[in-house]
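Listed after this line are the structures, all set down as structure tokens.
Okay, so subunit A shows up in both of these, paired with subunit B first and subunit C after.
Showing the complex of A and B:
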């Protein structure tokens, strides 16, 4: 009965089986090494289990329109801002973590078949075949666990540090465990410094984790478990010495490491190259002053030679790491070059980490320009494959790109470097999300500043937004480049990009964009102009974006209210939007709205170029939008701009279609008489004229202000009809 | 009543429930009096279809949704990068103006967005010719040269007469095992086996329906063992055993008489004897033949004898039918020198 249910549940699984392959095997093949007779098949070419998959995946390149494959390929689910990228990926991982928690916490549900008949109940059972250890529940150790040495072996081999300490204590500490196991445990403790290492299982967390800069601090736990275990080991093997010295040196307990090394050498215990590599890395902790440190480094190297230890590439990068950490200066640079030459003579080529340290040493931001990067690239481009060897290797590309951008300011070099990163599967050397974004920040900046415009757009099209979302500073750089190149269409698009990237609330950026749009508006084609106007309208409306049933939400109720645009920015919008001849164009509404904003001082500051507003008034009059024109002139007059008088006269002249002299004569009359004879909008202009002329408006300034605004409001609507 | 109860439970709060039910059960006059008192509570009509309640759902629109990425694709892109593996159709990443589905009169077929018909059918967008070509190029490094002498189907059949067929299965599930993968099939052409007439006859009897006369193929399938290799071994064993058994001649096989024959052998039958006798009489030759001589008599000496033999054999082996009878009649007329039958 039960098994029936199970079967029917699993039925879809069986039905989705596809008959993937039908092999037609020949008879038993003759075991000749060659197909000399032309009949028997030649011997099989050896391949690893994943070789075919890798060959097939190498045929697939990058698609610039698609997001990373960890995201869903759907317009609603493709993340376009850095925040969304991070939160989507981490949410997915949080789900995986929750599943893993349930699996570990309730391991019984996954390893037994509770639905079996009572006699067989709780028989261990794994539905996965072959069993995949990574998917199997992980054992949980607590004070009640019954543990054996097998458990200790398991925890050590899987680098479960806290669990292994627990098991170690449960097993009875140092006395009951054999020496081999103790040595393994000591090595684990020394490597991790009694701190649970970051799990490698959670890729996204590691990728997005806040950049924990490696600090050179003495973190070694003196008198900890590692020291105790080392003390209990008898006799002390060379491996034990090496492990402890390596642990101390790795966690910058330099003096004790040195002392232990001397002790080992005196006792005649052989040490490994790695021990000296680690010691070379913390020379700076031992001695003060460049000269003493250099001497100490040389002494250590000669000690290695005495002990017949062959240096390897890690020795080189450890030396350079020390040297680059001591500061800069001609002497150190010379010394570093000496070291590199010395190692070249030994047949050891510097790796990526060594190059990283060299770049740090030579290319200081304020120092003289040193072009060692081109040599490095020449060398690296010759290599067939870049093999990561040290964690520091991932710093190379970001630093090198930084050098291209800040130090060399050379786009050619940046292009070469980027090509190197994209070659083969070198991309894994980019590090984590933080490093990747800095890398691209440098690349895009250098492309904007120093590359020809076509190259820049090409780079932007391939990278933004799926690979890299520009930060506000980079966005500004991009806008600057677009402005210089006069790419109006792209500037219009840039606004929607600002919205999508979640930086549309940065007023500085928006103002920069509006400036750029204004400055290159004139030489665009009509279609592009229309696009730019739409973008400008959208910028002004953005703060009052309607949500739900069309009711505008007050800006104050938003969690982060849209900051005020400056008056300059609003003026820019007005300038762009007023460039329409059509009376019924929707742009006029926006213009009117913008003017209201200015008048209600919803924009910060005053416009620096009031002539623009005068132009707006004229254009509005020309298009027959008298209310808009009146509002513009009124604003000028209220703020006491000198242009107000000239603008009001011009506007009136255009409105009433009379020569200027007539208008000036008319304006000398009493305002009260004009009230009856003039169009309300024209009268508003007259009032503005008086205000500008006398400095004081009519007695009921506020009231008239309100009335004119309402009048002009009705006026606009009538104009629209 | 039940319906009303459920309806109200879903609608009203528990507090008003009692009152409402009572009101529904009461007469209309009662209702009028009660509703007059409190105006804010108007009489609620039982709306079974809930046509009134269908309010417009609020649609919240995100303003940062990008347009389909299909719109941004360049015309010279590599399609293999966009659609690298098999997956369900997705409208926003396929830059094709596809339409599919039921067409109401006067309409066009539904477009690609939210189109279940397009999602249901398997697509081969991941296997466009350039992709297939690129993948073949990538796999060439694992391929060895084809043996030069195996250049035709006949040559392959000649050198590798035995075929074994097994199937591999690909799952999405915790286990990669499939019970169907254990089944092994072996195929061999009977003519390629080294058998004489007796052995072949015995072999065919042994394998029974596993032999297909039309294609001359013997197909042996085994699925009784749990593993594929065991089944392969088993089919090989079956073939070997049948082959050697068919060469054995048991003592009792000599006792086989004409009645035991599984088919009509004209040479051993009375028909031939009569024909030979008739022929000898007709040509005035002495008749001193023994039984063995009759069997081995060369029929080609008799004009039209071969045809008669075939006609009789087919009549006896294939049974009486219009065809065989007609053939027989024609053969007899020819043999006897009679004119052909007029229809």
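Showing the complex of A and C:
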């Protein structure tokens, strides 16, 4: 019905198309334009289909306040700790893997339509038009499959190694296949060393195993399928030689690769630059000792010159890779610089990988400080664009930042490096998520140690927590920096960050934080002080809360039981929390709880500054919290601190509002007489005085203890010591 | 019109001997009374007035494009649109797949938006399972639907604490 288009209505459109066809496509477009009327359209620029998209995306930078795009944008699903980041990313990938398994297992259902008429049900059907291969199930090859050379071509071009070996065997091995295909197959085998390469689809899993993968071991399979195919090739083409030597050199079968190279040279077979690059990379496997190795390297390079092979940037990085792997020392460093100069003369600038190897060679952890990085940065900053060429390129930024942090300890340099990474499209050179986190670990550490405080906070505010979550060691650095700068507000926030990042159970960190809070508590504004007190209260309660969640019995059987805070840390909490004048403030409850903790020895060790506790007693008395004061003095007396006597006198003086002389006179009296006349809390202090004086508690110590706690404002009853 | 089609089918079937499992005979053609305008897409008030409705359910169909929008966004159903039946069936498949895979978690309509060859599936889910499990389901649904429909599929989920959060009113 709609097919018979009424032409008259479409006529303007049609003419328009015709006109455009004749004018734009038909006309010759001006190349070097010299037009008659003075208006010259610029020459046509050919665009790729994705160019506009890339231009658009270049206008939008990364938003540091949003989570990485692999996470779902929902408050419940945004990860805030390193553990969660990893587990969420892996979970999503596990789900995708499960789906891929279902697809491969039931491939038939994904290409046929159940609802088609019965005659068509089994006909393969592809929903997408044009068909997208990535969504189509992969063909399965087993012993019964009927295969052709097309299948072999398909498996080779898609790098399906196991499948291609299967198809190759099904086709009848080396005899039946033509030489072209055999060569392709040989190249695939040499590249992968007859082992299925890691799938590029499962990125998250790959970066988990990435650390263990890069080992320089001789893994080449001697007498494997590749060798057999090479033997069956007749005549042996240069490509075949190159493929086999490259494969051997790549998998560190150096001696055979060398022997084969010599054989090829003797036979007059032309070799490629890549072959020599690979050989240069495994010189270390041929010779022992630096001198012999450098000799060998030079020999190879001169051999290249004899064979008229032009070296490229990969030659340079292969040389440097070898040199940096041999160790360190002045001689090697000089040699490496010689190589770089030599290549500069040839017009080859070192790439990121070459610089990475140079950094490895020059900036050893315990070596003398060498500022090679500034030259490198000068050079790199001049370049318009950093183009990734080798997989090792992604190591550059993380190593360079490590050098800034450990070796040079220079924030200026780190800042320059970071600016370089953020420039243009360079961020993709940072590597995978693992490398990224190490990079930021170095950056944040160097910023904490050597940057002005404003810069540090700026960096922390942009990076934490979405781009980077600090590890415990880095968190400690941050706390140190905050302490030195006296940023009370940020220290109070740091506690909530510890909880969110899942490191609140690390006692060492928490104690560090409490120390920091105590040391810069005094010169804060009232509001900040209140925040810090709240944080301190929360720290003390945090341990209990997690214990209650697990249930009272389960705490001991937990796999990682909550470790005890030290007595010093608890004292710090007490010091912070007791700084309130108000009688009804909730902090007093926490103080009392903390004291009970100390008395029940739930905290490890004894406090190193008992004077703090004496101060707590003073403040408590001043606020009218007699029970708390008594508990503090009692604790001092029970643990035999010298401060106990002075503290109890002071406290009593404040409690009874009498001068010290009177109190001292009163304390000389018999305890029994005082029992009736004094407030129970005051009496407890008298008891503590006696205990401290004589070392022996009076007979009714227990009773007084109980009375103290029942009298005290807190609702908890203390257990007896 | 449906009735007319039904008659058409009846008139065809005696002449052309169709196989018993043929799609024409096996699919039931739904015929409905003109009453549909009054009751379809609307919810009946319960006796105790405690039936929960989401915002989407609370607005009857004639409010589409005024107070609420469509559940499927595509260009198949406009004049001259392509792949009408395929789109409808795929959408139904996606809806069933979502409610089955996210079992008991989806608490809203599943909204399906198509742009070019990209399908975006939006829904509100309950936070009844851990985020880790949600990520597994996310990855699974996206990959499986993408392979089934052979085009990129993106899930755009939002989470709510409980079903109560999406209740707009009780009738």
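Brief remarks follow.
Please note the rule applied: the second predicted complex is superposed on the first by the 632 of 721 C-alpha atoms of A that agree within 3 Å, B and C clash if a C-alpha of one lies under 4 Å from a C-alpha of the other, contacts with A are read in each partner's own complex, and residues count from 1 in each chain.
As a convention for this text, contacts are C-beta pairs under 8 Å (C-beta built on N, C-alpha and C of every residue); 3 or more make two chains touch, one makes a residue touch a chain.
Quick caveat, the model's predicted, so the values are computed rather than measured.
Once the two complexes are overlaid on the shared chain, A:367 sits clear of subunit B and of subunit C alike. In the superposition on chain A, A:74 makes contact with both subunit B and subunit C.
In the superposition on chain A, A:659 makes contact with neither subunit B nor subunit C.
Using the contact criterion defined above for the overlaid structures, shared-chain residue A:47 touches subunit B, although it does not reach subunit C. Of the two partner chains placed around the shared chain by superposition, subunit B and subunit C are both touched by A:127.
Once chain A of one complex is fitted onto chain A of the other, the partner contacts of A:424 are absent, as it touches neither subunit B nor subunit C. More subunit A residues lie in contact with B than with the other chain of the pair subunit B and subunit C. Common to the subunit B and subunit C contact sets on subunit A are residues 74-76, 127-128, 135.
Of all residues in subunit A, those touching subunit B in their complex are 13, 16-27, 35, 37-45, 47, 51-52, 55-56, 58-63, 65-66, 73-76, 78, 80-81, 127-130, 135, 499-500, 502, 545, 547-549.
Interface residues of subunit C facing subunit A in the complex, by the touch rule stated above, are 19, 21-23, 80, 86, 89, 117, 127, 131-144, 146-151, 155, 157-159. On the side of subunit B, the complex with subunit A involves touching residues 58, 60, 62-69, 72-73, 77-78, 80-82, 84, 90, 92-93, 131, 134-135, 137-139, 141-145, 147-150, 159-160, 162-178, 180. For subunit A in complex with subunit C, the touching residues are 2, 72, 74-77, 79, 84, 87-89, 91-100, 102-103, 110, 115, 117-118, 126-128, 131-132, 135-137.
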